[in-house]
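In the two complexes that follow, subunit A is the common piece, with subunit B as its partner first and subunit C second.
Moving on to the complex of A and B:
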């Protein structure tokens, strides 16, 4: 899966085949076919599922009864950014490939994950001070943060993503909380950037 | 024929007719399955006319992307004025874009979806250039942000990326003509990072009134 994600990022999905994926993974081609009898598309579907599972897992772990809802958002965003920084090829798979050039089944998984995150964000209105609750705000927040991620990936700066935590926190919270509170949270996030990375995974999928 | 199916007279402006046929074909069957023969059948033009304007399918596709991006940017630039507050300019710019997309849904789909997903890389690069111009315009709002302080550097990208995601979803679901009803939400989402909730809401309400007056005018026709 890792080899397929890397090669898609480097060459484009249409330019790779099963033999190339196996060679990059250092495995005989039959091993790939043993695991993915339908070939590269099945391999990419599995990779997309893995990244979705990872994202949901790290976000879920960030939610804690000891934290406020918005502190949990900060830690959740931080966990996603660290995950992407640690796995640039999977970041590309999750944020670029799956929405732009992926076959239908991969895109469906992406859209499922997108809807889940949108639903989680939509809960922000329960803790909002805004008198206006746009129905599309959560989609706007997701679209905005993804635009930042895609720009950084396109510039080859995946490993720098965690440093942008304050920007992400501001973008994710300002429709719900307004400027002063979001800027305060962004400053909290800036302090967090100075800390060593959080422990993201006990049982990593993306190895 | 509805306004959304507007066809240019092939004889009067064959280049534009081919461009619009390209956009409609991309929306209906996708760029990959679009053929020059299909464009000729849709416009009633001959291959020699096509070749007079375009070297191949890709050149026609890129010309179509260029056309809608140029129209979109022109519509937005016209609304920006030093005489009005920047928030009001954003409102007017969004209204202009939404109206343009409603009038030309196939071209909107080409710009917002096909250019980024299904067409050659050059199309995506053109789209990215246009998007970068809009970001630069909106980024000016950061320096005039509300009392809370200046938003982070990526605020304009996040605000426009969010608005783009909303517009893309509506276009992908064939709802370009109904984008006006989302004007208040689009305006609020785009402005709240810079102007704060109160001011963003005030301008969003202006958008609401515009959307309602448009609906009234549409129903009166």
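Moving on to the complex of A and C:
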């Protein structure tokens, strides 16, 4: 899956085939076919599913009883950015490839992830007194932040993604919480950036 | 001296300049491509279907474009130019920054609603195009929109905001994209007020933000000039 993600980022989906993926993975082609009988599309779907599973896991871990709703969102966003920074090929797969020439099932997985993050923001909205339509605001926040992530990935700056956390926290919360509270949370996020990366999970799927 | 009329008009139909006619034909192809992509996705955009939809001979099509991919890219560029023309036109009208912001966002929404298939092509389907100069193709519209927002939003605040214009531009474009994909029932222009309010929120409350800022010397200004370090790059390097 890692080889498929890397190759799709480097060459584009249409330019890769099963033999190339197997060679990059250091496996005989028949081993790849044993695992993915439908070939590269099945392999890409599995890779996309793996990254979605990681995202769901790290985000769900960021919610805890001793954090407020929006603090949990901050930790969730931080975990996603760190996950992407640690796995640039999967990040490219998740944010760039899956919205471009990806086969239908891969795009559907991307949409699932998008809806999950949208729900996370809308849940936060329930704890705010925002006058804004939650769907519009959440959609805008996700669209804006994802475009910045895509741009950073396309420019080869995956490892710097965690540094965007304070700006993202501000952008994600200001439509819901207003200026003063968003600034306070962004400052908290800035402090988090200075800390060593959190351990994402004990049994990472992507490694 | 009175003319006898023999030299006043050339005989036959007046001819339009060749370039004008070719542009018109290219735009017809662009509209056909946009319709086909809307109906069946990018896979449905084939040369045969485009020429049939545009009621154009294949030979004429190949006089205008190298092939399907060139025509597809032209159509995306054309759709983007229509949106940007509307944006720039609205942004140039004098007024307060809030008036200009509302007008510009409104112009984008109106332009998308007026040519929904072309807007969908350049915002949604253009994602299938290869990145240009290392930048995702659909990012070109967002960046151009962000430049307009940067010019409109109050300069003294904007200089300290990392990527807020880009975030705002991408946010609005993504909302338009969702509306185009889902063929939303609500009038797109009704979102103008809310989107304007969201984008202008940090600027309208600048003073309260400054008042809330604690003093912590020795740190570089980040978003909104507050006391967390920015991403460490100037806007021009991104």
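What to note about this one:
We take it that the second predicted complex is superposed on the first by the 203 of 207 C-alpha atoms of A that agree within 3 Å, B and C clash if a C-alpha of one lies under 4 Å from a C-alpha of the other, contacts with A are read in each partner's own complex, and residues count from 1 in each chain.
In the analysis below, a residue touches a chain if its C-beta (ideal position, glycine included) is under 8 Å from a C-beta of that chain, and two chains touch if they have at least 3 such contacts.
As the structure is a prediction and not an experimental result, all values here were calculated from the model.
Steric overlap between subunit B and subunit C is present once the structures are superposed on subunit A.
When both complexes are overlaid on chain A, the residue A:171 reaches subunit B and subunit C alike. Of the two partner chains placed by superposition, only subunit C is touched by A:96; subunit B is not. Applying the stated contact rule after C-alpha superposition, one finds that A:163 touches subunit C and leaves subunit B untouched. In the superposition on chain A, A:147 makes contact with both subunit B and subunit C.
Looking at subunit A, you'll find residues 99-101, 132, 136-137, 139-148, 151, 164, 166-167, 170-171, 174-175, 178-180, 183, 186 touch subunit B in one structure and subunit C in the other. Of all residues in subunit B, those touching subunit A in their complex are 116-118, 145-149, 151-155, 157-166, 168-169, 182, 184-186, 188-189, 192-193, 196-197, 200-201, 204.
Considering their complex, residues 99-101, 129-132, 134-137, 139-148, 151, 164, 166-168, 170-171, 174-175, 178-180, 182-183, 186 of subunit A touch subunit B.
On the side of subunit A, the complex with subunit C involves touching residues 12, 96, 99-101, 132-133, 136-137, 139-148, 150-151, 154-156, 160, 163-164, 166-167, 170-171, 174-175, 178-180, 183-184, 186-187, 189-191, 193. Interface residues of subunit C, counted against subunit A in their complex, comprise 127-128, 130-131, 134-136, 139, 142, 162-164, 166-175, 177-178, 191, 194-195, 197-198, 201-202, 205, 208-209, 212-213, 222-224, 226-232, 238.
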